[in-house]
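Paired with chain B in one complex and with chain C in the other, chain A is shared by the two complexes that follow.
After this line comes the complex of A and B, so read on.
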């Protein structure tokens, strides 16, 4: 290991403050646009642009520093710890939504139908309401969209499960190729992974269109629609981000970045991809299947 | 010409200029905007927290003015509710949490012999999100329909169906604050795991470092859940989901479960670093090693683990099966075991010590006594059948102000007096600081102690007007409140006076203080520990741990 005093402490940087301005413009603008403010919408778009610019600049600088050998193994370890715990924080974010799903299925829906000591809740509020899952008919149907059906697990979602699991394998193949110094294997594996990711997203989009146009299954379809679209939606967003990250890694691989023993950028994206993979398995089992 | 002078000045300013990477701070405002230095960022955090403390404190003054006597005096009830809501949010997310992160930034690298935080650019970002998020939160006051008025716990459906438009800005402010906290926590973990002097073992670490290490895990596990909760609020408000709407199969009580799954770890996020600070200060001024170092570490870890499984005690009356109430009651009471271990360890550290009572020690001792009062009232609230009487009364208000003001805030003030001479190289005015301490500690008890009685007599919280039998204690409480508020003017003077005119101090500010931070000069040079301390040095500086 290199001497500890070689630990790279960067000079001052404008990227973080730019990121903060972008974030404030994006989120503040979004909040304003929810209340029909044109300025808000403009600010939102501007903020999004600033964030994209910031990400390109900041990550570009990091890649540059990495390629010029600025980072020693100790810095590399900081990055690993950082990425690992960032993914854990993402796990906890999804946990909140999985928690909401379990709460609705196990507690609130049965209670609304009068289970346990809640007999009078059911009797007084919505006496007709029956506790079933998937919850097609919500207690009060006037304000919500009643779906005609739900997405069946063993159709598109099963194909998507297969797609994502395969993409995990192709990514691991790319990783092994990198460690064997087989550049074409690395690039091929990455391309395959990206294609599988795009197929997944395409199928997911198709499924959403199907749900909205034919099944009337919408975000507004009571707690079933809420949990279904929020969980799969946030997952889809993460797959999108993961695919973009994989494309960056692919371009770096084509330019000859990454060595067989030093390739944190690749590994970080691989960890992230496996994380979205595992979340999907959870989704497939408890959202679609059971 | 002028550039040369500046460069020369930089060389003089910093003791450590081994190679061209190690120049001193930049000049001007941009130094603070661009900085990646843990000391600069720590300073920014602490000043930000202090500013927010004064803003949140001003709101508390409004609240106590309105409650000075029964009847409506100054504000309409809606504005009163906005004040209580923003006061709580600003104090929790704007004052206490950033102050602790600021202390972590300054102290952790110094205490573990690291040259900086592990991820310095991200460290800058963690801070610079805060002013924007704080401004977004405060801007809601000036919006049509007013600021959020549903209390700092923002229960649905008050925060969904019945909330003003400004709530969406509040939601995104919370998202930003959470993002900042998570990045800050990741940085603390990476720093402690990876930047520690190679010869410093985990069980050599000072307790402030240990408690912050554990707090960082709480932050990473709890803050994303809060982000989830406000995201569900956002979609319930704007996109027609029904997470918290029974008509769609959801449940408003579910909001409380998700919120308090975050909220209970959150209260330990605000107190574990305080435990660490007090565990640093008491051995210094008792001139004895900390009693039971390893039991302190294990107690902190136990409290952290238990904090995730007791959230239900915040909602005994929200509708919960009896088995749930019993479980949450027993689990809650269990926390008093590790907390008791800590309190007894502090007392035993002082036992037969050769004690002296400089200002930091006064604040630390006050912390032990007053935090314990807050702990005892917490024990009372944790008993499910008794909580039926106490819930949503001023007893709860008294309880959490004892743990958060005389607990968390007192520890922060103690830490500032303890380490300020190290940061700026100057000593504060001891006499004035003692006057300030007694002023603050008496007034804060006049402020909060009568609220116990008000609560036991049944006065509900979050109301601008009350019936006549509560008048006397409310007036006493308000008088204490104004006096406590005024004490911060003196505190500001003492700190500014210290920075500007204080007498220079040497590296080891307190003669009996142990810890690597005292082995560097005062003020701490811009870059410290370019070469990590040796095992011998570490052993000397950690002898208070009781090796």
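After this line comes the complex of A and C, so read on.
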């Protein structure tokens, strides 16, 4: 690495324009496919393929540049700042959804039942309505699917919490192994974390099938169903992304990438996984317990 | 009981946030980040065990249909 004052200027690259073409094809194709256009569907699939190709190509090039020692301290710093902004956006993303749950549960549902200065709102709209959470007895069920029950905390959610907590421990083992220059520990820890992530996703999918088929708990089940699926669904999406990122890190670890004092890619993905883990713990407490 | 869970959670967020700070601030060679993350995992496991214990003791109940 050179000093922080020198800046690495990369060569011209065709990845950004290719990515733009891919995104335009994906979104334009998606819009057209909603109007039953076959060309639109093909364009959507093609656009998705281009984006995946671009991601592999661009990130692969960055990894290659990093491994050949092109980057200096200034570039290292810029990666860290970039990750900082990404994390900020993720925190805001989940804050909005937890906020939506809080608003519905603590404020709007009690207001509809006449709490605060909304006595006449309750009297005029649905005088029989009582504010309870989980809200599965909606005052007006015309447009909603009324669920028969909710997912119990001590079934799959508790097993999933244990799965993710264990994955946090195996990842920490991998992290310590990297710091102690124990390559097999690093690879073993990463493999265990990936397997636990896949188990989590499998159980989550099973839970959704259970909710839809046996409990009639759906995205259309009023405010409880929509907040439940929105929070747990987006969390599941993050676990999926985290697992893909961990697989990339595992491949790099197998190829001998990452040194004791030079492994920002590992650090960023590890922190992301810990973050997703903490979000789940928050969900487990707020959604299933309180 | 909710307050005890909240205190646990504040410590978890604090250790996670400090790991982020160390990641942003330190270079690759520092062990401060991995130590903070280890603390994060440790407190999270303690919290899970505490919830388990509280349930067993009957102090808390899962959210159910009233």
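Simple rule for what comes next: the second predicted complex is superposed on the first by the 273 of 290 C-alpha atoms of A that agree within 3 Å, B and C clash if a C-alpha of one lies under 4 Å from a C-alpha of the other, contacts with A are read in each partner's own complex, and residues count from 1 in each chain.
Assume contacts are C-beta pairs under 8 Å (C-beta built on N, C-alpha and C of every residue); 3 or more make two chains touch, one makes a residue touch a chain.
Computed from a predicted structure; not experimentally measured.
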Which superposed partner A:252 touches (first chain B, second chain C, both, neither): neither
Contacts of A:235 with chain B and chain C, given as first, second, both or neither: neither
Touching partner for A:23 - first (chain B), second (chain C), both, neither: first
Partner chain(s) touched by A:12 [first = chain B, second = chain C, both, neither]: first
Touching partner for A:161 - first (chain B), second (chain C), both, neither: second
Larger contact residue set on chain A - chain B or chain C: B
Which superposed partner A:134 touches (first chain B, second chain C, both, neither): second
First, second, both or neither for A:96, with chain B first and chain C second: first
Touching partner for A:81 - first (chain B), second (chain C), both, neither: both
Chain B/chain C common contact set on chain A: 81
Of chain B, residues touching chain A in the complex: 18, 21, 26, 30-31, 33-37, 115-116, 118-122, 124-125, 128-129, 131-133, 135-136, 165, 168-169, 171-172, 175-176, 179, 182, 185-187, 189-190, 193-195, 198, 220-225, 227-229, 231-232, 235, 238-243, 246-251, 253-254, 257-258, 261, 321, 530-532
Sites on chain C touched by chain A in the complex: 2, 5, 9, 12-13, 16, 19-20, 23-24, 27-29, 31, 33-34, 37-38, 40-41, 44-45, 47-48, 51, 55, 60, 62-66
Sites on chain A touched by chain C in the complex: 73, 76, 80-81, 83-84, 87, 132-134, 136, 149-150, 152-154, 161-162, 165, 168-169, 172, 175-176, 179, 259-264, 267-268, 270-271, 274-275, 277-278, 281-282, 285, 287-290
Contact footprint of chain B on chain A as seen in their complex: 4-5, 7, 9-17, 19-21, 23-24, 27-28, 30-32, 34-35, 58, 74, 77-79, 81-82, 85-86, 88-93, 95-97, 99-100, 103-104, 107-109, 111-112, 116-117, 125, 135, 138-140, 143-144, 218-220, 222-227, 229-230
